[in-house]
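As structure tokens, the structure follows; a few thoughts come after it.
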Amino acid sequence: METVSLASAFAPHIVAVVGVALAIMADAFGRRALAVFGASAGLAGGAVVAGIAHGRPAAISGDLAVSGAGFSVVSAVVLGLAAVVVIGSLGWLRSTPSGGGLAALAAVVAIAAAAIAQGADLLVLLISLEAMAVGGYALVWSARTEASTEAALKFFVQGAVATSLFVLGLAILFGMYGASTSYVWLRAGMAGMTAPPVTTAFVLIAVALAYKLGAFPFHSWAPDAFESAPPHASALLAGIPKLAVVVALMFLFTRAVFPYIDPTIALWVFGALAVASMAFGVFGGLAQRSYTRMLAYSGIAQVGYALVAPALGAPAMMAVAVLLIAYAAAAAVAYLIAGYVRSVRPEWDGTIAGLAGVGRSHPLAGAALVVAMFSLVGMPLTAGFWGKFLVFGMAVSAGFWWLALVGVLASVVSFGYYGAVLKAAYFEGADPGGQGAADSPAPETTPDVPAVTAACVLTLVLLGIGVAPLFIGLRWVATLLSFA
Amino acid sequence: MNLLVVAMLLFSVGLYGVLTRRDLVAVLASIEVMLGSATLLLVGLGATGEMIAGTQVGGGTVEATGVMIIVLAAAEAAIGLALVVAVARRFRTTRIDELTGVKG
Amino acid sequence: MSIESVVFAILAGVALAGGIVTVFARDVTRMVIGLAAFLLSIAGFFVYWKASFLGVVQLFVYVGGVLVLFVFAIMLVHRSTEGSPYLETRHDIASITVAGGLFIMVVTALKDFVHDPVAGAMVTGTDEVAAVLLGPMLTHFEMVGVMLLAVLVAVVIIVGGEER
Amino acid sequence: MLAVDLLVAVPLLGVAAVIALGRGSATRPRAIALAFSVAFTAVFASLASAGVLTGTAVDGIRLAREAFPFWTLRIDGLSAPLLALTAVLGPVAVLASWGVREKAAAHHALLLGLQASIAGVFLAADVILLYVFWEAVLIPMYFLIGVWGHEDRRHAAMKFFIYTFAGSAFMLVGILTAVFQTGHTGLAEVLDSAFVLGQPTLVFWLIAAGMLVKIPAVPVHTWLADAHVEAPTAGSILLAGVLLKMGGYGLLRLALPIAPEVFEAARPILAVLGGVGIFYGAALALAQTDLKRLVALSSVSHMGFVLLGISAGTERGFAAAMLVMVSHGLVAPLLFLLVGQLYDRTHTRDIERFSGMGATLPRWATLFTFAALASLGLPGLSGFPGEFLAVVAGFGAWSYSIVPVMAGLVLAAAYNLRAVKGTLHGEIAEEWAEISDISAGDLVPAVVLAACIVALGVWPMFVLDMTGDALALIAALAGGM
Amino acid sequence: MTGIATYGWSVVAVPLVIAVLAATAGRVLGTRVAALAALAPAWVFAVGVAASARVLAGEEGAIASGSVEWLGAGLTVGWAIDGLTALMLLVVGLVAFLVVVFSRGYLGPGEALPRYFAVLALFTGAMSALLVADGFLGLFIGWELVGVCSYLLIGYWFTRPEASTAAVKAFLTTRVGDMGLLLALALLWREVGDLSYTAVFAAVPGMEASTVSTIGLLLLVGAVGKSAQFPLHIWLPDAMEGPTPVSALIHAATMVAAGVFLLARAWPVVGASADVQTIILVLGGFTAIAAAGSAGAQRDIKKVLAYSTISQLGFMFAAIGAGAWVVAMFHLVTHAAFKALLFLGAGSVIHATGTQRLDAMGGLLKKMPLTAGTWFVGAAALAGIPPLSGFFSKDEVLHTVVGADLGWGVMLFAASTLTAFYITRTTVLVFFGSYRGEGVPHEGGWDLRVPLVVLAAFAAALGFAGGPIAELAGGHHGEIDVLVASIATALAVLGIAVGAVSGIRPKQGADVTKLAFVGPLRWARNGWGFDEIVRQTVTRPACATARVLDRVVDRGVVDRSVEGVGALARLVGRGYSALQSGDTQWYTTLLGAGTVALLALVAYLGRGV
């Protein structure tokens, strides 16, 4: 691995931080729109820089960060997606007090996620997790309602406990083996030992990351947080952090630090988490009446599908990256559409039934909803299919066909709630011939145009990734996302 | 071995505090106890002077990491207290078991 | 009973006492005192292990900053709520098993791998720490900077009142 | 040959055209849709010159040079008859929804989308592409039932989607095992290197589960009745006409060749499912009072013959299965078309309320009797050759244990004639005394189907020539005669 | 002229084309559609005559034959005309032509004529297909088509509920028989691999006895279904709901004879196993005596003739059972003539009096002399009075059956006596005594009278044509057995006497059947209660099981279990979402518990290391 300078590894993040600074200053002067554009531009710039770096083979630079190939691509996707979502939230951010500051915080969350995706040092991971968490608490709180305040506090308390567990795990590993918290040194220090302390540290760090992913039983913050947070904030917090954390988890557990741990331990730990999350997310989702809370449960289920990958080991890294890129985009669309519907139908009580006739009265939003829902289910012609195809394909080729079957059947049950959204959006309203539910827009609603435009852009991405492989195969995905 | 016991005992007491204390501020205090004990364990383990892989285990990096973690803990406390104040203002209470509005 | 073990015992005792008081105190003030004791003992440990810079940092940051923050928060919070500063605890089986379980699991896993720190083993001075901070850990240093900036912005937004 | 790819491209272009041009008005979309579905038929006809009608296989153009070329289409003896059926039913479905007024553009766009994915399923020469199109079929059908269906459409649409999606979930795991263990996704390569498969029994039954749900075999058939009762006429036509055939086609195309020895062991089970399907479906149909539900359950009985034919394991048996599939693909849509037309006039499907319609709707009554006779397998109409061959092949394989099938045939006559008696015969109900007979416009699709039914009934070799030696190859694989 | 015989398939094609023309252009033609429809049987008759002429002129083998591979190797559909087919073509052609002529007068202008005559032409084509088929597959196709035409024609007046029920009953009962035939075909296909007659008959010696007798039995089941023999006879009496000309053609002369034709055509198979023959003999004999008994107790003129037909077919089956299928064919031909005559006579009477009930007729001799005259010829032929055709054919049947099995011979003697009894009773009730109905009955038009006269002529003369008929059928003609003939005639006279006595009625209003044993009379009238037995044991339980299967099994068990799975999923979901109690400390406890659990799991897994 030829070394590349640390600065160039963190170049994308530095560019984005400039955007954050710009945003904070703009907000200070009360120019919220400028702040949002600044933050989004910073993120976009970072995405471009990361994209350029993807040509190089993966290399750990300065013992702290890994860049090149798949890692840079994930970092680029994280930053790019965040840029789109931040711009998509322009309508909301402009109308909410200290919107510029929130845009800056959103950018910080994205940058931290990108840092996690490229982190090769436990301390870098810790600091980024903390930054992402702080940004998350503020964003969840920013709806300024009783529910969001309470949800933010719960988010904080569990986050604090998770962080302390992470520190405990770091203490054990660093204290006993490492001259530094970098993966390279830790691995050298441990030199193949699988003594109980290593497995304990393995579990503690896995728990901290699983908490951030929202896997069962560490999921409790997700439903409350994503339901009461402003939908635009949830759009950012739902998908993007999960993508980064899973890539970090895969790199940490299957390649960098714990590769020689007995594979059955990895299979059992991550397999158990995966199946539990799938079951909880899918069945829990069925019982939900609120649209955003249902999406939170579906997030837990999607994490369940993703955690199948670490259970299989290193080769499944590309597969899970595709799965979660698709999920991040689809979740962003789903939440942005919720934002849009709230702006168009102020009387919407947030329930799925409340979406009656949205498909008919707002065709664009409806189309985005259809593609997002089908991508979350994993239907062919959408990106979600290829994610599940690769992950379950890996599971099957590793011999765990039953795990693939559980996953696929969970996706079938998940149609129970994804389909309910489409049912409400298109089948409700008067019997054929009648217009949708009374949706004569109240005079003062201003449709959240940025949100629906951002949603449509991401929808095209989902469709693009969904249909392109039919013609040009999956080889380009393999080269792009190779984490070799 | 008794450093491990002391640190872990403190960590567990802190965790128990978080899980059972009624008052938010007390919960925050317990979180500080947990983080403090974790830092103590980190530095303590770091200071065993073992030689691993040719480098002096501990030394500057242990202290530097210690500093980093203390700073993180402080930041954590700050945002925590900010949220507690926000809750207190809105709910007029700091009893954690009254905060069960969002569920299902 | 060498000098080290005596000092260690005292520091451990104070730390444990502080921790327990913080967690089980009925009265707010007694809790704060307990927390202060705990933090001081941690600083003591660091100094005892010759990590003097760390001890000082712990002292300033925690005892100076965080504790004061706590006092302000308590005053701010309890002024606005008429609730008595009486703090009770809801003892329940689940919490005990979880906390105890964690303790037992970690201790049993690590007990025969961990050696006690040897006083003076960590021959570090402030200049080594500075060299490490500004050398290999410079990136961490800057990242913490960005993180603190984020915390600052977040706190201002959350507690900054409505006028903005 | 480009024409093969056009079979999928033309309907897709149609979808774009209908959405682009037909949005505003209620009449333009149906015209565009008709044009494109007729174009689909024309493209299929042009393939005749390439020898498709005599069973020669024609490859689509190879687009991707990648090592994972999913987009490979191929038409051969097994898919040609079913594509011909799709070519016939396309325009018929559009004509059947001529009266759809609200959201006409979306309706016709979905119809064309459905036709494209159906053509895709039958043309796919790549296991993954087959699965992609297999699932893609569900989406338009879900919306067709859900938006334009009748009163209980929402539940029916959900049940339809989840039920068939669950079936194809098992199929997906089977396909994944096949693809990832053989390392190929091309259908030919996967089948050639099928010997590599770790657990062929597992792969066979996973894939077969998806197929059996789609056919539908008896225990997993309850979605069909609800879906049909609530679906709009055009939806029912394509659902009964072609969607049910994907199950039988899949068994012959994928499940059997991938694990022939497991198929050999599974034949008795398939035979039992087929026999039970025939008898049980017919008995249920006899007990129905809702006309559309009766026709739906008759489909379960007819598709039981497909299973019986396939379970015989010989070329004769597969030919029988193919004949029944094509014939049912003509008879059931005709019945649904007629029941739809009756529903448009009387807004009810309850047989008890009908009486003496033979006198009030003479033209409709003639067609309905014709369709009922075709459904009970009258010689000279398309039902007979398939069912006769299935019984003969079934007897060859299972000898006297196919006696319940005989009882099924008698029951088939019973429920068909009961339907005719219930609606057409008896005094003229004053309730429907003044309704108007079907117009010339309504007649066109019905007469097209009737002509095909008679043509296939008189000369079944149309289909058997088309299959060519494809069935013989599969039979050789299955070790049968 | 005899060249047209070579186009065997035309016998099927021409009627089908005419049927299509009649159906489509019928509206335009009005009553002239009858003329168009008449062409079909005329052509069939012409081909029959040509073919018979060539056969009688000594031409060996099939006159015209050909086949086409219909469903792939082995399953071919072929046509060939030999003597037996030619004979049947003659019968079908003639009777069908006369029935079409008769129908023209019988059906008023208001009726849906195009539909009637189109189906009639279709029937002619189907019957010819059955006769001309050179393989069991072709035969089966004709067989089913004929069944459907009978269904359509019985249910012609579909607005009358009894007619539509009778039509469905007819089709389903014959369908049960057809299933036997289908099974026979399947068995033949498995044994022989080719369904053409030549291949099958060549293979029969090669097959073991059990298979041959199974095939024979299955063919018998088909024949019993179509020829309404016991136990599948229940549909024929109800089939009288159809128009009378239809009954004359289909339910007297042609379709019901198809069963006998099948056994005759498949004689090499049927004849090859003795026990099949005995079963046929017993079945035929029993049906003959039982049906004759019922005929005597009927109150409806057409029902009498229906039971009479069942009985006469029983005679033919008995003849075949006794081994003489040529005799059976001879009796079939003569029976076709006089039974069609009787039916058309009954049609003319119904046309005149507007009712079918015997107790509303009487004294029509004076008012309808021609109908009465022709009826007497028919009745006498049926009763077996020399020198009419019935005497000769029935005598030969009795002769062969007595020769084969004396017991059943005696039964047949009793049956023929009963035959004489019921036909005389009916004749007396209709034509003698005083008129008990309303209105003034009078003879029909020329199209009603001409067919009667023609048929009367044939009924009288056919007896002497035994030789050529036997030769056509492919056998030789035996001499009259004087002893049997004399006994039969004596018994016939006795039957006539008793019938005459029971037929005399007092004036208006008297109940026609005031005989002493009323109870057993009603039992006899509704077919010895067999109809009721079938309804209780077959139709009712079938519908009940269907309902149970639908309500209980399908909607109750299978569907509910599917919906149940959905409900269960929702229930589990509610359970899980209850986990989100909203209490922060419960959430954190969950997190802690998860950590401890994983630590325990890893410790357990790693314990070996």
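Each chain carries a letter (A, B, C, D and E) given by its place in the written order, and its residues are counted from 1.
One rule holds in what follows: contacts are C-beta pairs under 8 Å (C-beta built on N, C-alpha and C of every residue); 3 or more make two chains touch, one makes a residue touch a chain.
Because the structure is predicted, anything quoted here is derived from the model rather than measured.
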Touching both chain C and chain D (chains): A, E
Most distant chain from chain A by Cα centroid: E
Per-chain Cα centre nearest the global Cα centre, belonging to chain: D
Maximum centroid distance from chain D, chain identifier (CA atoms): C
Where chain A and chain B are represented by their mean Cα positions, the distance between them in whole Å: 27
Between chain B and chain D, centroid-to-centroid distance (C-alpha), Å: 65
Averaged-CA centre spacing for the pair chain E and chain D, given as whole angstrom: 36
Whole-Å gap separating chain B and chain E, where each centre is the average of the chain's CA atoms: 96
Per-residue multi-chain contacts in chain D, two or more chains: 162
Residues of chain C whose C-beta touches two or more other chains: 90, 94-95, 98-99, 102, 105-106, 108-110, 114, 136-137, 140, 144, 147, 151, 154, 158
Interface hub residues of chain B, defined as touching at least two other chains: 11, 14-15, 18-20, 24, 39, 44-46, 48, 59, 61-62, 65, 68, 72, 75, 79, 83-84, 86, 97, 99, 101-104
Touch relationships between chains, expressed as pairs: A-B, A-C, A-D, A-E, B-C, B-E, C-E, D-E
Touching residues (chain side chain C, partner chain A) in the complex: 105-106, 108-110, 113-114, 136-137, 139-140, 143-144, 146-147, 149-151, 153-154, 156-158, 160, 162, 164
Of chain B, residues touching chain E in the complex: 15, 18-20, 96-97, 99-104
List of chain A residues in touch with chain B within their complex: 123, 126-127, 130, 134, 137-138, 141, 146-147, 149-154, 156-157, 160-161, 163-164, 167-168, 170-172, 174-181, 185, 188-189, 191, 223-224, 227-228, 288, 290, 293
Interface residues, chain E side, partner chain A - complex: 566, 569-570, 572-577, 579-580, 582, 584, 586-588, 590-595, 597-599, 601-603, 605-606, 609
Complex contacts: residues of chain A adjacent to chain E: 153-154, 157-158, 161-162, 165, 194-196, 199-200, 202-204, 206-207, 210-211, 216-218, 220-221, 223-224, 262, 264-265, 268-269, 272, 279-280, 283-288, 297, 413, 416
